[in-house]
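Two complexes follow with subunit A in common, the first pairing it with subunit B and the second with subunit C.
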Partner chain A sequence: MGIRAAISKAGLHARPAAVFVKAVLDSGATVHVGRRDGAPVDARSIVSVLALDIQPGERLVLTGGDEELLDRLAALLEADQ
Partner chain B sequence: MIISGRVVWKRAPAPREAVLDAREAMRRAANYYEERAETAPAEAAAMLLAQAMMARDPLLLQRIDELTGAGLPPDRAIAEAAASLVAAASPGVGSQGAASAVAAGEGAVNLDVRDVVDRAIAFAGGLAPPAPPNPGYPHVLVAQSLSAADMLDIDRTTVVGIVTVEGGPTSHAAILARSFAIPAIIGYPESHALKEGELVHIEVPPAPTRDTATVSRRVPLLANISSAADAALAATVADGVGLLRTEFLHPSLDYAPLIAAFDGKPVIIRALDLSEGDRDGDPLGVRGLRYLRAHPDLLDAQLAAIARLGRPVSVMAPMVSTVDDARWFAARARAHGLADVGVMIEVPAAALCADEILAVVDFASIGTNDLVQFTLAASREAAALASYQDASHPAVLRLIEMTIAAGKRCGKPVSVCGEAAADPAFAATLIGLGASSLSLAPAAIPLVRNIIS
Partner chain C sequence: MVVTAPLSGIAVPLHKVPDPVFAKAIVGPGVAITPNAEEQLVLAPISGRLIKLKAHAFVITGPDGHSILVHLGIDTVQLNGSDSELIATEGQLIAAGEPVARWHPERVIAAGLSPVCPVIALEASPEVISTIAEGPVVAGADLFTWE
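This part shows the complex of A and B:
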């Protein structure tokens, strides 16, 4: 199980959150996402991810899945979408 | 500019006893968003598909099952399941507080999630999804919040302004109001005090001044019309008709009533844009001028009817790909005594050969919708490709620029029609590139005129 820090460039509002959660769901893996100092949520749940109310430029922590998946998710978050 | 109108509130429907179970209601909500996304404009489609994902959220559905299993009715199970996920992600918000916030439409609960919950609860109660009211006269629509689906449901011919209690400059209501050119005040908490039927005035600040050298030229704003209702609205706001879509009148050839209000003004009638088979055929198939070349009698009947109008009108061909297409159409139209003959430039090949095509016709009109679809090889019907439907993509802008430059070289007008011209910022870009006129939906003309003049 991996752990990775990433910056959400666009923030996790509806559209970027949908792209992120879809990548998690498609992987079949269990991944959690949260702030460094906050409780993580299950990243398969878009309602939970939206409730984090992540603003553009916030730093996040991803846990679970394998290194390759975490690399891909971090790249998605850091892309300017 | 000041917009005035009477207040009409969008209120939540009264609760009803459930007729569907909670799972089925969520499934209906997801289907609803997906179906709406299929026909929605690009930016709205992406939002609607995100909301479909919310309605299919596996954790949310699992929580709903637990709550219905514990005996809660569907509406409460849906609202409380959403609230418990929200509460778990936002420490400090109690589950009770969050539940009432989701259900009552208050607080910091994500507006998209709340719209999903509201619609699922409406489905559970056997109600149609809550749509904005339409009193049938010009009005200012006021709501607690408006979702992407709400925005698609509003009647753009009667809503003169929008005010919401919640939301911000990046909320869906704000983004879509901008693209529909409807003045909007989004996220104005004091607006909850507005009374139904009260007359309100919205002051629309002037747009930031752009390059005055490029916008000082007065560019006619023409209307895209396809019905008597469009024509009536256009008569009050447009400088003429830049695109009369005849396929919506087909098989009638009686165009006189639609253009009666435009005496002495430019009117461009587009020849039938039909597809072999049905109206929604393959966009790369036998359609537009290709269809007319296969059915010349249909075109001749239409050209004869246009010639009989007994007033100067321009006529143009849809979906022209080659110089030969343009030459064929021009010969046919001139044989009927029509003096001003043009073509639509919506195929990249036509834009790339604009010099040669303009040599054989009198004018061109760039159709941005198809030009984007063909240039980016992204079907307008594919919701997943919505982000590609961008008229300001550099490739599309270059083709537009090339076509306008070709018109300047040979002294022939090149106008732009298509949805993109209804976006004031893009309209200013087109004028800056040298478009001779813009043609857009009549409802969008006042704001574009206000911003570019």
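This part shows the complex of A and C:
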């Protein structure tokens, strides 16, 4: 299982959260996302991800899947419009 | 479960929303409402807990676990709440038809943004949504059914 720090450039409001969750779902892997000091949530759930209320520029931790997937997800978060 | 209209306006298919993430139903299936341009109350579309409440969007999770997202306009996160005044409180229980916020779509239009409001069934597949309204709707009227 991988673990990866990432920065959410845009924050995880509805649109970037939906793009992120879709990427996780498309991978077929189980991935969790959360703040470094908070409880992680299932990144396949748009409801859970929206409830995190991640603000632009916040640091996150991704766990699960493999390193290649987590690198890709981290790049997506850091590139979000 | 019947999902009611949070606003008065014109119901339009999601694919007409000027944002590909909503238009392609990546957020989820549903319908959008082009609001009547004057100030109006935004009503809860279902009964449940207001799990997330922001000035530009909110999510209500019903007792059966179904969650509805209402997004007030497109790209309105950048208005930092200048287009709405919250009435409800995040975390509270709310009944369908109760007011969540007072919203000013005319301010969204003045800012050069689209005031169209996607009403989205979260974590739902498209086939569970039916009897989707199209055309004029009034706040509180049936918008779609989630089976």
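Details
Simple rule for what comes next: the second predicted complex is superposed on the first by the 80 of 81 C-alpha atoms of A that agree within 3 Å, B and C clash if a C-alpha of one lies under 4 Å from a C-alpha of the other, contacts with A are read in each partner's own complex, and residues count from 1 in each chain.
The rule is simple: contacts are C-beta pairs under 8 Å (C-beta built on N, C-alpha and C of every residue); 3 or more make two chains touch, one makes a residue touch a chain.
Keep in mind that what you see is a predicted model, and the values were worked out from it rather than measured.
After superposition on the shared chain, subunit A has more residues touched by B, the comparison being subunit B against subunit C. Contact with both subunit B and subunit C is seen for A:18 once the two complexes are overlaid on the shared chain. Within the superposed three-chain model, A:50 lies in touch with subunit B and with subunit C [touch as defined at top]. In the superposition on chain A, contact is made by A:41 with subunit B only, not with subunit C.
Overlap of the subunit B and subunit C contact sets on subunit A: residues 13-15, 18, 22, 45-47, 50-51, 53.
Taken together, the subunit C residues at the contact with subunit A in this complex read 19, 21-22, 26-28, 51-52, 54, 56-57, 59, 61, 67, 69, 71, 77, 122-123. Across the interface of their complex, subunit B is touched by residues 13-15, 17-18, 21-22, 25, 38-39, 41-42, 44-53 of subunit A. Residues of subunit B that touch subunit A in their complex: 46-47, 49-51, 53-54, 57-60, 82, 85-86, 88-91, 108-110, 112-113, 170, 172. Across the complex, subunit A meets subunit C through its residues 11, 13-15, 18-19, 22, 45-47, 50-51, 53.
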